[in-house]
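Lettered A, B, C and D in written order, each chain numbered from 1.
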Amino acid sequence: MASLELRNIVKRYKSQTVLDNLSLTVADGETLVLFGPSGAGKTVLLRLVAGVIDPDEGKILIGGEDMTDLDAEFRGVGMAFQNFALFPHMTAFDNIATPLQAKHSSQGTIKTGVESVAKLLKIGHVLSHKPRALSNGQKQRTALARALVGSPPLLLLDDPLRNVDAKLRFEMRLELPRLLADRGATVIYVTQDYKEAMALGDRIAVMSQGVVKQLGTPEQIYREPANVEIARLFGDPTINLLDVKPARDAKGIYVGLSNVQVHLAGAHEAAVGRDCVIGLRPEALAFVDERTPGAIPVTVEAETPLNEKIVTLVRTVRGREILVSRPSGTPGQSEGKVYIAVDSKSALLFDRTSGERIGSKNVVNLRSGEAA
Amino acid sequence: MTAATIQRNRPSGFRISKRVLPYLLSLPALLVCIGILIPFLTSVVYSFQRYRLSQPWARQFNWGDNYISFFTDPKFWNTLQVSLLYAGITVVLELLLGLGIAMLLQKRSTLNNFISIMLLMPLMTAPALAALMWKLMTNPGFGVLSYLASLIGLQDFRWASSPSTALLTVVLVDIWVYTPFIMILLLAGLRSLPTQPFEAAALDGVPRSFVFFRITLPMLTPYILTATLFRLLDSIQQFDIIYAMTQGGPGDTLTVFQVEAYLNFFQSTNVGRSAALMIILWAITYFLSNIFIKNWLRLRERARGQA
Amino acid sequence: MEHTSLLERILRGIALALVVIFFMFPIVWILMMSFQTNETILRIPPQLVFEPTLANYTALITGKLMTAAGTLDIAFMRNLWNSVFLSVTSVAVALLLGVPAAYAFARHKFRGSEDIAFTLLSFRFAPALLVLLPLTLYFQKLGLANTYIGLIWVYQLICLPLILWIVRGYFEDIPADIEYAYRIAGHSWFATFRKIALPLAGPGIAAAGLLAFIFAWNNFVFALVLASADKQPVTVGALAFITSSGIQYGQISAAIVLSITPTLALALYAQRYLVEGLSLGAVKG
Amino acid sequence: MHEKEKDLIDAFLRGQVDRRGLIKGLGAMGLAASTAGTLLNFGQTRALAADFDWQAHKGKTIKLLLNKHPYADAMIANLDNFKKLTGMEVVYDVFPEDVYFDKVTAALSASSPEYDAFMTGAYMTWTYGPAGWITDLNEWIKDPAKTNPKYAWDDFLPGVKNSCAWNGQPGGALGSADAKQWCIPWGFEQNNITYNKGMFDKVGVSVPGNMDEMVATAAKLTKDVGGGVYGIGVRGSRSWATIHPGFLSAYANFDQKDLNVSADGKLSAAMNTAESKAFHKQWVQMIQESGPKDWSTYTWYQVGTDLGAGASAMIYDADILGYFMNGGDNKMAGKLAFSAFKANPAAKAPTPNIWIWSLSMSNFSKDKDATWYFMQWASGPEHALFGATKMDFVNPVRQSVWNDEMFREKLNKSYPGYVEMFDVSAPGASIKFTPQPLFFDLTTEWAATLQKMVAKEVPVDEGLDKLAESINSQLKEAGLG
């Protein structure tokens, strides 16, 4: 039906390779989030799928049908652009109606179609306005409505919340999943915001420099990031990263943190004796009593509330800064000397040179369902 | 949503390949112009001949002689110098003036729009006729401008008839006729600039001069280059105004390329020499516009990056 | 922008007034001369007061010119019509050819696109004089000499590069995404060109069209050399008032006024587009 | 036409009634003089038809290229008579003088068969002839089968007629035995003085009799007339046209030449003699002191306009320019007077250089015989008389017209002194240039040099030496020197 398959896609601009032999499959009805820093190739990938640019190599299959050489208008996809790309000389109504007009629908059908999608997106009252008279939020909804109105089996959303304010983004982040689920369409959603990615994606493909570094469910990406970079991209506050060199004793594998031996329950054998970076999520750290085994003495430097959490910046005796977060309302200490302990199961170990997580499967073959 | 794929449009019948399309779009324009290439090449051949219409029996190839003779001919160097000087002065002055006027009229208002259209009127006057009128207006007796000049103490200002002021006068007429051309292009450019950077700068209290040099100018550069390019091409080939005002005089003060080539062709009927002069002019314009286009493309990219 | 100081507004006003005086004074003077005869035009010193006469316009419109040497037939209205016809058709053809080409250069960076674009531009700087003699020869052989079609073809040298390069810039200023959005919505490239690119670049096309029109209007060397008297434009026609009994400044002025009028009307009509820049600031930023 | 009128006209043509009687008679019948003129011409047309087969080219069409000029206007006004006489159709293109010669050059250089005959100046035939664009008309003039017996080739003023004939050899004498008749003179201009009588009287000067006097008179006029009026109008633009009127006429009066022709036909510059330098100095001084302030932009129409509008006190230029300025709506209409001018006190008579509007036949014409029919009619005695008496066809090139009493009377009435001036200067009137193909190159450079001298950019002596040097090298380059 409207599954999407990309086979060995290569796209170059002049000498620069933007997409490097990329393969990816999205199941019918699935929402795949493409996540990564700017310049990772997400937008290019989306445009290749939409058909407005052509790959240098590889094939694009939509619903099992080879569409590589087909022009955009024949692919039947819907797309919302990051900068909205509304037609400035048309009213919101006409903007939204364009996909229906292309199908030569009757005036009545067009009117019903546009009005129902506008109602859904709460922009029914501005349909007669031209884009310049719309607020950013209304523009964004108009753009979305235009992408949705034709009920395309494949929806491409290019960071649609990028250019709207925080409040609206928050609202939409709640609204969108339901909206997309109702449509039943296959969705590819590009974002740079990990929370959006986590909230919307059935699966997330983390891209960097033209390749997919990791593909998996939001849970997998968060818990088992393939490398330091991905670990750093997901999570707020950012993951703490400290240089360590794991060793083994009778109790198992441990690392030294501020002269304290911290044993790691889930650590991989391969880490022993290697130069590593340990990744500690701030929420995997907790303030503890001095006597708790593996308690690390630190000094509290600062404390900030962040959303539902309180984030504390502490400093180890060696002078390394660590972020600790705890849910709001739970007791903590706002100054002086304290002790923290590590949830040893959730600690992540990365090779210091390659940045790869030690123990992760090498994520290369990213066919659906085979993720790490 | 089962019907999803069925709704999709199907490519039907004749389709133009994406790769061929741009060629198809630009080809007609090219074909229409290419016809001109043949006369052009014929003229290149002429330029390598000893070819005076009044001495048909002596027509023969003399290869580079027409060109070589220029190198030792002080009149040619004078022509080159005057042409470049004229083009340089007019383009720079018209650009500055055109930019200034465009900025004065930048704000959208009925009055400004009206003024900008009115200012186009000199451009709508055929240069040859405009020059005729200026000649009358600068006549020492009947000329209103000479009269006005005398009122401010310039009793004996000789306008186009004195070697020291001829260039100035002709430049003045050129400015009068062609500044509106630059003005209208830059005005359109100014008014299509995005407003955000300016609003932001105004909010931040950034000095005006900084805004002008760091935001306005760079973003306007593509428009400036287009306008300047066309003005330069026309200016270095100026004929109508100069010929109607002074016929290249007084002395050899204003014997620019086109005037020389015109006299060589229509009066001396020395086709070979005239063609050689024109080819050199063509080469100069080719060279100059090449530089322009290269920068144009580069600056467009940069301006787009900022916008 | 709202908070300009009073001093600045005064200075801007003065500057604008000076600009208007410099550019409009000769036009006003010409307009005044068009209502005078040589007798009042040629006074020392020149004077503002005169008894206006419509004789010049009557002469131009009826085609009868009274001079010292008697009544002369003039074909000014015919010249005017030729100018209108030649300029309108030339610009129309140039738009028809140039706008799609400009679109191709702006939107599709295809192999050799810059070279082709530059070649088209370079036709602009082949001086007319350079091609005149061979052109006349070839036109004669092709039967194009003394035909409107031939003239319109040659006028493309003036119009086409101008339109091509100005319009191209406007097309490039339209964000590609807007066009992509329309394509993705299911429309062909042609529909996209027609419904999106053309309306958005409309002001640029209007401005380029008007400038091309003006340059075509002001040209006369091509028509002079390639066509007979009945196809001469107004620029050649106005020179007929340089008669053996003196330059008929009044009539030349009236001729200038009449010849500006159609272009001015066109400009005023298209005013909104000409000075608007890329339509709708919303396109950018 | 009524029989009575026809009879009267025929009587005139038979010599039984004189011209005045004819006009009177026709006037008595209620016909205006101008209509009478046309009728008269019609009668003459019928008379012409008697001795010559004018209908030989009936039904053919020829096309003319004409300059916007009173001569062309006069011809067009009378054209119906030609059409009736021959049954031919004549179409024509008229171009303004400013662009006329460009159009001619463009058409001829492209070997265009469009135009059969065209108006030209004699100087231009020095290019057109050797270029092979025009036809030697002797072939027709001298063929009695093709030329109407009443054409009276001998009636043309010899100086003018000869000035239109050249053997094509650079430096070859005009009107020599082997000369080709490149064109037929139509109307011509002598360069003489036209002056504002009122201004002369006001300042108390009389018409100058030589160059010294002209310099002094012009200076006095400039000083004393007032109101910004200057003494003498002469042309000054960077063009051959600056050299050929007053300047060359006076120059030739001092027996100076533009070029020397050696025994073996080689040309060399002749304007750097001591006499020439002295003359140039005077001329330059005169312009500096009493010429128009923007002299270097002056073409014939500025010279004429100034005189007509009362901005200058006299001109030394084409006599017909003065003629036209004495009429129409010019401020000074009727206030101008004419005088021949002899620059050299030692010279016996004036030697005006002349400009001749003439008719040439295109070599690319498809039917030269038919074209010749038009040309002989247009330059024939009847049309010349019609143009001279009914239209502004001055100066006529036929002696018979000058002898015509009605013509002389018309001139004497409105243009006092004009006929007298003509009679004095006509014997010495001819083209004073040496015919050669570089005519325009050399005269343009000469004019540019004059401009530099007047602007004091170069001293006269040095300027002339340089000019001569440059001209010699150009002549050599062209294989003429």
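Rule of thumb we're sticking to: a residue touches a chain if its C-beta (ideal position, glycine included) is under 8 Å from a C-beta of that chain, and two chains touch if they have at least 3 such contacts.
Small disclaimer: the values here were computed from a predicted structure and weren't measured.
J.: To get from subunit A to subunit D along touching chains, fewest steps?
T.: Counted as steps through touching chains, the separation is 2.
J.: With centres defined as the mean of C-alpha atoms, identify the chain lying farthest from subunit C.
T.: Checked the centroid distances; the maximum from subunit C is A.
J.: Which pair, A-C or C-D, has more C-beta contacts?
T.: C-D
J.: Where the CA atoms of subunit A average out and where those of subunit C average out, how many Å apart are those spots?
T.: The separation of the two C-alpha centroids amounts to 56 Å.
J.: Nearest whole angstrom, what separates the Cα centre of subunit A from the Cα centre of subunit B?
T.: One centre to the other, that is 53 Å.
J.: Based only on mean CA positions, could you tell me how far subunit B sits from subunit D in angstrom?
T.: Each chain reduced to its C-alpha mean, subunit B and subunit D end up 41 Å apart.
J.: Tell me, which residues of subunit A touch at least two other chains?
T.: Those would be 71, 73, 75-76, 102-103, 150.
J.: What parts of subunit C, by residue number, touch at least two of the other chains?
T.: In subunit C, 42-45, 132-133, 137, 186, 189, 220, 239, 247, 281, 283 touch at least two other chains.
J.: Multi-chain contacts in subunit D: which residues touch at least two other chains?
T.: 102, 109, 228, 309, 311
J.: In their shared complex, at which residues does subunit C touch subunit D?
T.: 37-39, 42-45, 67-70, 72-73, 132-133, 136-137, 140, 145-146, 220, 224-225, 228-230, 232, 236-237, 239-247
J.: Given the complex with subunit B, which residues does subunit D contribute to the contact?
T.: Spelled out, the residues of subunit D in touch with subunit B are 101-102, 105, 109, 126-127, 130-132, 228, 236-240, 292-297, 302, 306, 309, 311, 437-438, 440-441, 444, 447-449, 451-452, 454-455, 457, 477-479.
J.: For a test of understanding, state which residues of subunit B touch subunit D in their complex under the given definition.
T.: 52-56, 58, 69, 135, 138-142, 156, 158-163, 245-252, 263, 265-271
J.: Under the stated contact criterion, what part of subunit C meets subunit A in this complex?
T.: Touching subunit A from subunit C are residues 175-178, 180-189, 191, 196, 199-200, 279-283.
J.: Going by the contact rule set out above, which residues of subunit B touch subunit C in the complex?
T.: Residues in contact with subunit C: 9, 19, 21-23, 25-26, 28-30, 32-33, 35-36, 38-40, 42-43, 46, 100-101, 104-105, 107-108, 112-130, 132-134, 136-137, 141-144, 147, 150, 176, 179-181, 184-185, 187-198, 202, 222-223, 226, 229-230, 233, 237, 239, 257-258, 261-262, 265, 271, 274-275, 278-279, 281-282, 285-286, 289-290, 293, 297, 300, 304, 307.
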